[in-house]
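All chains are identified by letter, namely A, B and C, in their written order; residue positions are counted from 1 within each chain.
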Amino acid sequence: MTSQTPVSRLMGKRRFGEAKIIVHVLRSDPLSIFALAVIVLLVFTAIFTPIVAPSKTGSIFLPPSLSHPFGTDGLGRDLFIRVLLGARISLMVGILVVALSLLIGCPLGVIAGYFRGTMVDEAIMRITDMFLALPPLLLAIAIAATLGYSLTNAMIAVAISWWPWYTRLMRAQAASLRERPFVEAAKGLGVGEIKIVFRHILPNSLAPIIVQATMDIGSAILLTSGLSFLGLGAQPPTPEWGLMVSRGRSYLGSFWWYATFPGLAIFVTVMAFNLLGDGLRKALDPRLRIKRRLF
Amino acid sequence: MKPLLSVRNLVLHFDTYYGTVKALEGVSFDVQKEEVFGLVGETGCGKTVTSLTVIKLLPENAMIADGEVVFKGESLLDKSENEMRDIRGKEISMIFQDPSTSLNPIFKIKDQLVRVILTHQKISKQEAYKKGVDLLKSVGLPDPERLMNFYPFELSGGMQQRIMIAIAVSSNPDLLIADEPTSNLDVTIQAQILDLLKKCREETKASVLFITHDFGIVTEMCDRVGVMYAGNMAEIAPLRELLTNPLHPYTKALLLSIPTPSKRGKKLHVINGMVPDLLKPPTGCRFHPRCPHTMDICKTKPPPVTKVGKDHLVSCYLMENGDTKFE
Amino acid sequence: MGLLTYTSKRIILSALVILGTISITFFLSRVIPSNPAALWAGQHPTIEQVKKASEMLGLDKPLYVQYFSYVTNLMQGDLGVSVRFKRSVLWDILYRLPATLELVITSFIIALALGIPLGVISAVKENKLVDHLTRTVSIAGASIPVFWLGIVFKIIFFGTLGILPLTGRLSIETTLYNPITRITGFHLIDSLLTGNGPAFIDALAHLVLPAVTLAAYPLGLCTRMVRATMIEVLRENYIRAARASGVSENTIIFRYALKNAIVPAFTAIGLSFAYSITGAFLIESIFDWKGLGWYLTYALSAIDYPVIVGVTIFVCIFYVTINLFLDILQTVVDPRVKY
């Protein structure tokens, strides 16, 4: 091994081999494959439904049938189409919320962790604690109540209450990575601190973040649909799943399909992301890679 | 004389996502009564895994493909888990390399020690407690009564290892397996622990299967030595015999590479090449890529074990013209 | 640092956090486009009445004065007065709290009683079929939207099977013929204390669906956490050493490993308890369970800002206190944690 190879490039080589193993492990886990399939299906639905879907209407409150697989709602709109349209909204919500939380939380966390023990760390952690102390739903309610009820505001609310988790996660990762030999080596080679933080520590902390973020996409969808259910998020006529469930609530006894199917959609979607995240966690943890027998 | 422990042709594989790791390829050796048998080799050569196979504490993905392990006349590989549990700690005990992680950190010493005593001896709790205190005293720990209420992390490495030894000998086992018990300790503490092990052995007449990579320790502790390389037993001989007349090229190279004062100023002897990848081990004799005397036959199949002299066994084609084959 | 110093430090920090939260909520609430004075003055107020109400509520004073008086009131435990009900917010909160607590505590007990054993089994039989099934179920539990599950349960158990009551904490018959004397506010406890058998059964029947629905998420979380920590622990050297000394497998799993595993899982599980409070709010709105969440939901629609702020702060304080309690508990339970 030459001494000229930059540290990060060596790590890059290792990571490529890792990627192959990760894919292999994922492929062998039936639940992960299932989850991935569902998500791909969702993305497909999200992209293509607005384009190809016919706007079918029928009489109001039709039960599920061949022409209306999920029945119709109080305005006669086909629920199946509406649920499919909702996929796009929910996926966007999930991804945007997580992306926003990551954007705020990760850099803060890496900085706090790398400069652990200093004023910078303390300051960041105190602010984080303040936001962490707020139960997400409550903060979301408070913000939504202030800024008005809309899906965008609900998303902002969730992101604001969520970024502290990533900060904490990143901080723990960065703090432990800081002690590793390769960081010392980089410092010894004269690499500047900022560069170390962003070129070396950040990429290596990604594994648990990826796992968490994947599962959080599901949780974000769960939370924002909950807010919409309470009326604080999406407003009618948006085909948002949580909103549809709350609309359907009044017709529980007689027209059960109105509330059931959108909720089912939420369930399946969130579960897919959670399963995928769980499978990723297995795949990314080298210690879990022992093959075991089924019985 | 019938040996206490007899291992024959042990073949062990591990099933992993990277492939099948062929960890042991036909390991055979005996441990006699009241002797200290040293198992020597580099890290990764299979010493620990061999001992784990003896007490059947292998991870789930391990597969014993072939071989037998006979202890006091009975085959251990045939025994059920329940039967093995009776044997572990009572007839065969094991102490591990890192004492600081071998003791449960959130339980006091007395909880752990007394429980092991109670597992194998049908006595009352108070009696077990008293026995525990006596044991701690006998391994050289000061103020044993107070020590019982300590947590492991509050003690030094040397003390932790003594406690491990106390637990291991609490029911007077016939065989004590010591897996690099001093590798994680300071040299001075090392000497103390080795003395303690010698003392234990004298008092209980137990045999010891001593695993190490340090030849210095071997010379101090062992009666007979087995040298392992890459999942194979290369050579077995009494200590003196091995040091004065090593036959396997690997053993010779090992002994040559030990730095001694006489070699001062000269270049250190190294063995060329690297330890083989056990996912795709070399064909035939696993040492052949690094052996200075490789012949064509070495690459075909693993060499048979040849008996040389009274008590000297070598696994090498160079010895083919030696004495009777090993049974 | 002794335990006392550590605790005081944490308390002070928590207090600062609460102060920060209060400030944020206060300023947020003052931005709400509502007219609390008008709300206070009642139906069709005259301008005079609104002005008078405004004075009385202190809304005409500058913002920082309002902030100051609010915080000082807070210190004395005065959370303000509900604009709509004209009652002390604190009093209302305390009246409604037992209902929520009854719900949350019951669901939590269910979650732990099922989750811990499931997690242990799952870990011991790692990657076997049992594990895959448990994993799926626990992830499902963590993925189900709680409001939807409640609705589905209602449809199944009330609509189709007709065995469990639809909403509320008690049926009308019980309130009329077997009213529960309020001692603690917990219907289950109170009915037992007063020997009110039929009311107890009725309260229990009403508690089942909401509690089980609420338990789904913590159950899933608990199972996963326990499984993860158990797997880690079972891999440790000291477990291997314990096995090598012949200790029975049951002892190793349930006495040694479980204790080792619970400690790190602790914080996560404890946090989910606090999280359950917010889940309870959703449940309360579905099952018409008159607890804190129900109270808050009403306030949101009426934009009764003292209530909104009051409940938010109360829950925050509760949350922070639980966090604090958990932190301290952890240092006590785990002898290794150095403070």
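Just so we're on the same page, contacts are C-beta pairs under 8 Å (C-beta built on N, C-alpha and C of every residue); 3 or more make two chains touch, one makes a residue touch a chain.
All of these numbers come straight from a predicted model, not from anything done at the bench.
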| item | value |
| --- | --- |
| Shortest path length from subunit B to subunit C (each step joins two touching chains) | 1 |
| Two chains sharing the most contacts, counting C-beta pairs only | A-C |
| Euclidean distance of C-alpha centroids - subunit B vs subunit C, Å | 55 |
| Subunit A and subunit B, separation of their C-alpha mean positions in angstrom | 49 |
| Interchain centroid distance [CA atoms averaged], subunit A/subunit C, Å | 24 |
| Residues within subunit A bordering two or more other chains | 292-293 |
| Subunit A to subunit C touching residues, read off their complex | 31, 126, 129-130, 133-138, 141-143, 145-146, 218, 222, 225-226, 229-232, 242, 245-246, 248-249, 252-253, 256, 259-260, 263-264, 266-267, 270-271, 274-275, 278, 287, 292-295 |
| Partner subunit A, residues of subunit C touching it in the complex | 13-14, 16-18, 20-21, 25, 28-29, 31-32, 126-129, 132, 135-136, 139-140, 142-149, 151-152, 154-155, 159, 235, 274-275, 277-279, 281-282, 285-286, 296-297, 300-301, 303, 308, 312, 315-316, 319-320, 323 |
| Residue ranges of subunit B in contact with subunit C within the complex | 55, 57, 81, 85-90, 93-94, 96, 98, 101-107, 112, 115-116, 119-120, 151, 153, 164, 167-168 |
| Residue ranges of subunit C in contact with subunit B within the complex | 236-249, 251, 256, 259-260, 263, 334-336 |
